[in-house]
Amino acid sequence: MLVEFGGTRVLCTASVTEGVPRWRKGSGLGWVTAEYAMLPRATNTRSDRESVKGRVGGRTHEISRLIGRSLRASIDLKALGENSIVLDCDVLQADGGTRTAAITGAYVALHDAVGWLAARKALAGKPEKVMHRSVAAVSVGIVAGEARLDLCYEEDVAAEVDMNVVCTGAGDFVEVQGTGEAGVFARDQLDSLLDLAVAGCTELAEAQRKALSSP
Amino acid sequence: MLVEFGGTRVLCTASVTEGVPRWRKGSGLGWVTAEYAMLPRATNTRSDRESVKGRVGGRTHEISRLIGRSLRASIDLKALGENSIVLDCDVLQADGGTRTAAITGAYVALHDAVGWLAARKALAGKPEKVMHRSVAAVSVGIVAGEARLDLCYEEDVAAEVDMNVVCTGAGDFVEVQGTGEAGVFARDQLDSLLDLAVAGCTELAEAQRKALSSP
Amino acid sequence: MLVEFGGTRVLCTASVTEGVPRWRKGSGLGWVTAEYAMLPRATNTRSDRESVKGRVGGRTHEISRLIGRSLRASIDLKALGENSIVLDCDVLQADGGTRTAAITGAYVALHDAVGWLAARKALAGKPEKVMHRSVAAVSVGIVAGEARLDLCYEEDVAAEVDMNVVCTGAGDFVEVQGTGEAGVFARDQLDSLLDLAVAGCTELAEAQRKALSSP
Amino acid sequence: MLVEFGGTRVLCTASVTEGVPRWRKGSGLGWVTAEYAMLPRATNTRSDRESVKGRVGGRTHEISRLIGRSLRASIDLKALGENSIVLDCDVLQADGGTRTAAITGAYVALHDAVGWLAARKALAGKPEKVMHRSVAAVSVGIVAGEARLDLCYEEDVAAEVDMNVVCTGAGDFVEVQGTGEAGVFARDQLDSLLDLAVAGCTELAEAQRKALSSP
Amino acid sequence: MLVEFGGTRVLCTASVTEGVPRWRKGSGLGWVTAEYAMLPRATNTRSDRESVKGRVGGRTHEISRLIGRSLRASIDLKALGENSIVLDCDVLQADGGTRTAAITGAYVALHDAVGWLAARKALAGKPEKVMHRSVAAVSVGIVAGEARLDLCYEEDVAAEVDMNVVCTGAGDFVEVQGTGEAGVFARDQLDSLLDLAVAGCTELAEAQRKALSSP
Amino acid sequence: MLVEFGGTRVLCTASVTEGVPRWRKGSGLGWVTAEYAMLPRATNTRSDRESVKGRVGGRTHEISRLIGRSLRASIDLKALGENSIVLDCDVLQADGGTRTAAITGAYVALHDAVGWLAARKALAGKPEKVMHRSVAAVSVGIVAGEARLDLCYEEDVAAEVDMNVVCTGAGDFVEVQGTGEAGVFARDQLDSLLDLAVAGCTELAEAQRKALSSP
């Protein structure tokens, strides 16, 4: 599925394989992992391909791991049974918030993949138990002293504090990553960012529900 | 630009850099190169990312080189002046003929990039001299004993002979690559494939002209 | 310097080079970067060397970037002038909290390196302006429903929530990274973890001051 | 065996292994693959070793794949049975036409290897059925407006059109690869190149027969 | 264990795994291998990490192989049985003679590992038969025309001849590697270096005995 | 030039470049380096290409370094001036003693290259001063209790002690590398191996003189 947030467009797909990696065999548990990448021209100036450079960069690794971890929070791996799902998140166009868009879209792709497994009766648990929490993510930040939701690229560059928050549909936290890009931040600033983020994620959870109920 | 041929969708972009690689400096000539890649889920079964494997595969290399060579035939590198253009062809969805779709689409992207350079008065020669030939490509093949144009994935797999032909708008050849996947082919079979290919390329040249004249 | 926290031992050194990487030349700004690594036998079961595997893993990349970012918050890069400092953090023995121990120790090593530059009159600004904030880090987590400071390896594995917090000596945040390893966490849990972390960092700031004032 | 064409010398060897790669096991089919490489000083100016650069270049990959594909056309993989043959083509000295010399020499090496398997009664089919077609290759091109056979390095550089053709002993095509290095080519030029190539391959087929019948 | 020779400090550890690499399975023989590495700041000027460079350098490979070979001379691989032992030698601080210090320390670590296997009754032969020879190593060289033992870094750089000698406790040779760094050497010089080396190794064998008999 | 010792055949070439690597510029000194490699089928059973594996193995590195070091002992780098010479030693067929054959052959190739530079008046010193020592190498070993010269592959495998010795034409040592492959060796055994090696190198020096004086 193609997710769009402002100028950011991410293609999220889920690929199912029967069985799990060797180190997990016989555990009865499934496995969910993610790979994030950017097309070379997703940004305004072209960046070199990681395949050509021969190594995956630190930023790519870090985001892939974040997406995988976040999505594993949404799924009951025991109920999934020994199936593997790879979530590919490829950024076609980037304008801020690519990792949070990827998480939000990957949830829908993952849900579809589980539905497909359910239809083939390939799940270990009851279908409705597998996706036990919805998960969505937003980027928030402090720009010019003010807390803002969904930073575009220009705001992101100018932000004093930059934070990515992953929440469940129930408003609990899955992951909180805040960094003082150009400075440090006080407790009350952190609190207002968290408020903003939870509200944003709640709206996204609603949008995900709609996307999944439409045919 | 996004090119679609049947079930095949390729995103073609051109990125311009002032200057040329070191080995070409001071020559007065420009440089055009191409990079082809497939998203992991472009095909029906997921393939591993080349960035994760840490090396670009032989097939990818081969196609990138073909696209670059074909497009360099369309442009007067002296008139381009010391500018570099990278053509990125990313296959979002693959159903046969991805390399020929990439060439056909990359021509349009290259033409646009030259137009952009012309508008900035950054070309060495007269703008209308830079793109001195149009270039388009088709795949043809012999399936069940019969010559066919634009093979989809299933036909491609079943083809006895598989051929990619790159032609100019004037019907001359830029590149001819024919291979007997499952057998060999006689001279008269080769002749009928070439006829079919030239006709197909002529139609594409017309479509390219339309695409470039629309705003 | 060798930092010890419980069973965790990290060797932190700072290496100074005159000049900065090419992309930063002429900016008048210095550069601070970090590299984190684990000896193969730092953990209880031997892990393969990344040099032998031929690639730096995602976790290593992620932690190196975190350390570099955290330490850059402590230093005024303009006052540092065009000097580069590499912080090497090598884990000799690991028992939880290696990344936070690395940050806390690297601050002392960085401070020493700046002192060495000051003695050679190689700084652009006044020596006392260069290290404008102290920086320390702790790991906190929720184990068996209870917030705890400085998780050892066994607690870390058992933690429901795991959080790394980097603070300045003044109690402001530089970085907050919390993740629900085995579940999600509510806002009040997050609040109590943050309280615990700030208190822990304040104690470490005092220990750093002592270490730096001793000959 | 050592193949010499003008100033080009290629060492072609065939190595047999019992069994086939894992993905082909149980198919009853054999496997033939090729690896092409150039010694660093095969050309007039030394080129860096690909082992030292850590990656096989695009040109090397492309030629290895062409050789493998061409030779698989000469052999009945079912009659070969589950045996693997690797054809190594190492260019000791290069003066144009290295890939076509490699194909022509590799055919003789492959034939020898099949003879060796026949002597050990390790083939699945009748020995005389295994090598069901002879295969040879030539390079042809248009230099100064004129079609020529077996281009040496200097002609190759000067050629307007460069073409490699792989034919069977019966004069059918296995592979046709023509490229307008410095320009494009018309249908009648293509026709005269193909005539020249078929005649050249026919002569080589005769030379191969002689080489194989001498002790 | 941490070995110290003058300003050189090497951390030597032995890691035991049940079983042997695949190519050795069923042979009844054990396997001992070594990996040598230097921390980036072990020397006075920082050197880049091999993990970051993506390849293990020639010098590192060479020393790792030397350590492995030397230690295999001390152990009866049949009596060890199908167990694998990896010896990690990490140089924390380097001041000449790091490879010989590594061998001398690795012997003690290996002896301990065999003791641990004996306690778990996991050896194929009698425990006292497994470590059938002690092994130690020294560096000797000719500096300013004079033979010297245990060269520090400054002497090593100035040495005309540089030699590493590995001996058993009984005074036999396991390995002799002498090189004329800045010149050549005559037979009588070689003889006096060998005398010095044997004497040095004998002393180290005594020190190893003491280290192993202390609790 | 092609060197043959028994069943061993090594192709040794020298490639000259004006100038030296960056780290040596302005020193007035030249640079000589070597690269050793084996064709995949040089041995009886095929070994994988290092270019395909993506990394140069430890053994290859070790031998390349030995060849470079040995040849640098034969040349006055100051008299060579700021020129670089790469010695490529490619083993076409291996039957023991490939590294010593490579050194012996590379000396002749190096001498030729220096002659070529002399003819172009591109040397810093007097031509007759540049190659100030001849260098040759032999392998010796103890097989079945007896010292032997020039071990072939079968003897090499069976050898209890294996030693490579590089000598000057005057009988001095450049490098001595002895290893107890399957055991240890006493001083008198070492002595008899050295005697044998010096005698062997003296003969080779004579053969080199002849090769260089023939046109």
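Worth a mention:
Just so it is clear, A, B, C, D, E and F label the chains in written order, and each chain counts residues from 1 on its own.
Criterion: contacts are C-beta pairs under 8 Å (C-beta built on N, C-alpha and C of every residue); 3 or more make two chains touch, one makes a residue touch a chain.
Note that the structure is a prediction, hence the values are computed from the model and not measured.
By the document's definition of touch, chain E and chain F have no common neighbour.
Among the remaining chains, not one touches chain D and also chain F. The chain pair with more C-beta contacts between its two chains, of C-E and A-C, is A-C.
Centroid distances from chain F, each centroid being the mean of CA atoms, peak for A.
Chain centres here are C-alpha means, and the one lying farthest from chain B is E. Per-chain CA centroids place chain B at a distance of 58 Å from chain E. Averaged C-alpha coordinates put the centre of chain A at 49 Å from the centre of chain E. Computed from the mean C-alpha positions, the centre of chain B lies at a distance of 26 Å from the centre of chain D. Looking at chain A, one finds that residues 54-56 touch two or more other chains.
Touching chains close into a ring; read starting at chain C and passing to chain E, it gives C, E, F, D, B, A.
By the touch criterion stated above, chain F contacts chain D in their complex at residues 11, 13, 15, 17, 35, 37, 39-41, 45-46, 49-56, 60, 86, 88, 90, 92.
Residue ranges of chain C in contact with chain A, taken from their complex: 55-59, 61-62, 64-65, 69, 73, 133, 163, 168, 172-180, 183-187, 190, 194, 198.
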